[in-house]
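Notes for the one structure printed next.
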Amino acid sequence: MKLRTGFVRASGYAYKVRRVLFALTRGKVSPEEVVRAAGELNVRIFEELQKRGVDKGDVVRIGVPFRIEDGKVLWDYSGLEIEVYRKEEDEKLAKAMEEVEERERALEEKISRIEELANRLKELSNELLGEIEEIKQEHTSLRLRAEG
Amino acid sequence: MKLRTGFVRASGYAYKVRRVLFALTRGKVSPEEVVRAAGELNVRIFEELQKRGVDKGDVVRIGVPFRIEDGKVLWDYSGLEIEVYRKEEDEKLAKAMEEVEERERALEEKISRIEELANRLKELSNELLGEIEEIKQEHTSLRLRAEG
Amino acid sequence: MKLRTGFVRASGYAYKVRRVLFALTRGKVSPEEVVRAAGELNVRIFEELQKRGVDKGDVVRIGVPFRIEDGKVLWDYSGLEIEVYRKEEDEKLAKAMEEVEERERALEEKISRIEELANRLKELSNELLGEIEEIKQEHTSLRLRAEG
Amino acid sequence: MKLRTGFVRASGYAYKVRRVLFALTRGKVSPEEVVRAAGELNVRIFEELQKRGVDKGDVVRIGVPFRIEDGKVLWDYSGLEIEVYRKEEDEKLAKAMEEVEERERALEEKISRIEELANRLKELSNELLGEIEEIKQEHTSLRLRAEG
């Protein structure tokens, strides 16, 4: 298998690597392993970007082969490819990727808000189940949690 | 402290003991201990009711002192009082308690239905949180569960 | 059909009439009509209880035939029966019904709490749907409410 | 005010116009008016793109001034600017925008799923409130909906 980030601003390559890896390995690898493997790869990419003097406003495109063994992601670093497009040379591309990044931040705010509401829904459901259990305890002969 | 069941049909004394004990000890004793202690007392009451030839349609009224020590309910059986009212002698009382029992069964059906709905609400909330986590993994740089 | 309240404390006859009428006519008569019809009957019963000098601690048992026509409840007042059991004469019955009333009040508090939680769950669901609609508006090409 | 789409694939300009307009006018204009105004503008843009032989794989960038009067969006078509970048000339830009479009489709699928779950949560909350109302009707003296 091969992970390909597609075009992405250098400032955002690490999250892009992780997102793509999540999508590629869903159901095969644990979320913890995805986070670990992406972290490992991103250190390597970071060193390379530094070596080549890449600016966060430049655009990069990264590809790297990997395989999955025993639920672990194994990177084949020998096949690592990093293309760099300088913002001075590819102005429109750099600007377009910057816009994409901005819209993602706006989306993230809304997703956070939705997550908060979903968490409150879960808490309320639990509170409701607690109240129902009290009614069962004090007003019915229904089977209780404490009866296992 | 003293547990008093009030008037109750003999057929329902055990649940009545438990309900009253739940109400009296809320916050002081675990639900498991309430179930255990009620069970222990009910065995004793059962023997006594058998000895006295009580019918399930008769009405009883039970009182028993207890104290709480280290989260445990300790019954003072020496103070156990059981009044019995035969349905042949107290017809109206027996009939009234029978009606109460019927209405409780109707309530229990509805409480069961509400509990079922509350459980489904909780499951749906969890499913929703799972979907939101996937969006976070594949489309955002928000903090993930797998990051601890 | 015949509405029968069973034994009930005089203080609570009006709600008992209404509850029984709800249970008997579910699916055949609107809730508004149940409230109206129970109210109409209760005025009549009230006058009769007053005439007979019934105390709120006495126990009563009421029966009245009715039929349903065009979604309306029509009482047959000629068949109205009201039995009265004075608390001085039927002490145990009066005490038992008093206990029932107390337990109902405790249940009502818990039902109110559950209703409050269910209302908050509904509000949160609506809030969530509002946030999702905003995401759809600003981040997707999915069909919007405003598109009908 | 000025609506600016930023870089976008020609295939997706219409939704981009609408999304940006939603974000810019939130709280000032009704969703229905945003949909209408975006539709109106998009017809005009479509004609222009056709005239210039723009392919859906080309990238465009659109700007147009507007003002809001009485809750209506009024476009100043005299200020309409449409930049076109042919995919043969700006290959990387065209490819990058194609990738963005693909990821948006993946996001849309997940948002649809979340909306579905949120709708079921709302339905369940309503069902729960219905059951609670029945309990109130048949087992309590709490205030009912039918009492207004």
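Note that the chains take the letters A, B, C and D in the order they are written out, and that residue 1 is the start of every chain.
We take it that a contact is a pair of C-beta atoms (placed from the backbone, for glycine too) under 8 Å apart; a residue touches a chain by one contact, two chains touch by 3 or more.
Note that the coordinates shown come from a computational prediction; the quantities given were computed from them, not determined experimentally.
**Q** More than half overlap in residue numbers between the two sides of the subunit C-subunit D interface, or less? Answer same or different.
**A** Comparing the two copies, subunit C and subunit D contact each other through largely the same residue numbers, since over half are shared.
**Q** Looking at B-C and A-C, which pair shares more C-beta contacts?
**A** A-C
**Q** Would you mind pulling out the distance in Å between where the CA atoms of subunit A average out and where those of subunit C do?
**A** Taking the average C-alpha coordinate of subunit A and of subunit C, the gap between them is 53 Å.
**Q** Express in whole angstrom the distance between the two chain centres, defined as the mean CA positions of subunit C and subunit D.
**A** 47
**Q** Taking the mean of the C-alpha atoms as each chain's centre, how many Å separate subunit B from subunit C?
**A** 25
**Q** Which residues of subunit A are in contact with two or more other chains?
**A** Expected reply: 23, 106-107, 111, 114, 118, 121, 125, 128, 132, 134-135, 138-139.
**Q** Would you tell me which residues of subunit C are touching subunit B in their complex?
**A** 6-7, 23, 59, 85, 90, 92-93, 95-97, 99-100, 106-107, 114, 121
**Q** Subunit A touches which residues of subunit C in the complex?
**A** 103, 106-107, 110-111, 113-114, 117-118, 120-121, 124-125, 127-128, 131-132, 134-135, 138-139
**Q** Looking at the complex, which residues from subunit C come into contact with subunit D?
**A** Those residues of subunit C that touch subunit D are 12, 15, 18-19, 22-23, 26, 30-32, 34-35, 104, 107-108, 111-112, 114-115, 118-119, 121-122, 125-126, 128-129, 132, 134-142, 144-147.
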